[in-house]
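Just dropping this structure here.
The chains carry the letters A, B, C and D, assigned in the order they are written, with residues numbered from 1 in each.
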Amino acid sequence: MNVMIDLCVVPLGVGISVSEYVTACQRVLEEAGLEHQLHAYGTNIEGDWDEVMAAVKRCHEVVHAMGAPRITSSMRLGTRTDRAQSIDDKIQSVTDKLAAD
Amino acid sequence: MNVMIDLCVVPLGVGISVSEYVTACQRVLEEAGLEHQLHAYGTNIEGDWDEVMAAVKRCHEVVHAMGAPRITSSMRLGTRTDRAQSIDDKIQSVTDKLAAD
Amino acid sequence: MNVMIDLCVVPLGVGISVSEYVTACQRVLEEAGLEHQLHAYGTNIEGDWDEVMAAVKRCHEVVHAMGAPRITSSMRLGTRTDRAQSIDDKIQSVTDKLAAD
Amino acid sequence: MNVMIDLCVVPLGVGISVSEYVTACQRVLEEAGLEHQLHAYGTNIEGDWDEVMAAVKRCHEVVHAMGAPRITSSMRLGTRTDRAQSIDDKIQSVTDKLAAD
């Protein structure tokens, strides 16, 4: 089963700048070889459910190892059985409709 | 690593009543033997990371098997290395403060 | 338009204990006279859209005034035009189905 | 008070293709003159709290008017009193760190 998620990892107890921790999570995703796309309030990640969730767990482990005693993440998870859909497909289907106006 | 999550599973393509699918997810959590607490807009679930995430995956599988071609869930995930904290602890720490006023 | 939301306010830059801030938000909801129900990872709030959103804004203002320089909240928002539905209704529709097994 | 949100509007009871509704929401944001950026699982929106929330309400109204009897949205909301931060700033702070490796 494939999944597309949108993940936002929020470390607590490390001050207000979180970009260092977000950067570490980006490296986790690259090492995992997962399709991903950073945006201003999270990251889209796409792939096999177990691989994606293993990367999410690894993000929490890495951020704790960097010194954050507490993490609160938020995540959207989309699965579908009717057809495959990539990160690019989802954006394209909206931009096509906007352009058609 | 323990995790507390708040999960809201939303099946698409099956009309507007989703309680049947939420009920099926409650059964998944009971079968998994995981501590959980339903509220009006999701379910708190607490336990070992791998067991909790296996139950989330099982919820998606079961809801697809019931006929939903597409699912979009939202989830909060909390982990901490400083101490253990249960569903009851989290509520109690706020209700104690409210009562102390 | 009525709305039911599930709100989780997360202050950053104030250490790892957030119950003091959650408690302050509960007071905002009580003062606003809005139907609400605390759970272990957020609060269900129900009422007129504008009143509910004014309370969410007031929560951010109060938590900033308590000293948090940064806040990242997560929220689910449900609206429906087919019928009214309360916090209790939503839970009841699932617990009835569980009991019917 | 400025806010940056990440919004994902999910119409229920209209089948499994939601891009038509997402497109309508993009138009709401353009008409409101708000800074926004679509991604594969939501949209980043930035601006004055009241203007951003008025646009979120307008999205729900428009999607209901298009025929969706029920909507369940998820949203992240970030506010900060220490400094201003744009959508581009947030992405830049991470890409700079990745590039510095």
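The rule is simple: a residue touches a chain if its C-beta (ideal position, glycine included) is under 8 Å from a C-beta of that chain, and two chains touch if they have at least 3 such contacts.
Worth saying up front: this structure is predicted, and the values here are computed from it rather than measured.
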| item | value |
| --- | --- |
| For chain A placed onto chain B, the superposition rotation in degrees, Cα atoms, nearest 5 | 180 |
| Residue-number overlap at the chain A/chain D interface, same or different (half cut) | same |
| Chain separated most widely from chain B, comparing mean CA positions | D |
| Centre-of-Cα separation between chain B and chain A, whole angstrom | 19 |
| Approximate Å spacing (C-alpha centroids) for the pair chain A, chain D | 17 |
| Chain B and chain D, separation of their C-alpha mean positions in angstrom | 25 |
| Of all residues in chain B, the ones touching two or more other chains | 8, 13, 16, 69-70, 72, 74, 76, 78, 80, 82 |
| Chain D residues within the chain A interface of the complex | 4-6, 8, 16, 19-20, 22-23, 26-27, 37-42, 44, 46, 74, 76, 78, 80, 82, 87-88, 90-91, 93-95, 97-98, 101 |
| Touch list for chain B against partner chain D, complex | 8, 10, 12-13, 15-16, 18, 69-70, 72, 74 |
| Complex contact set, residues of chain A against chain B | 1, 3, 13, 49-50, 53, 56-57, 60-61, 64, 69-82 |
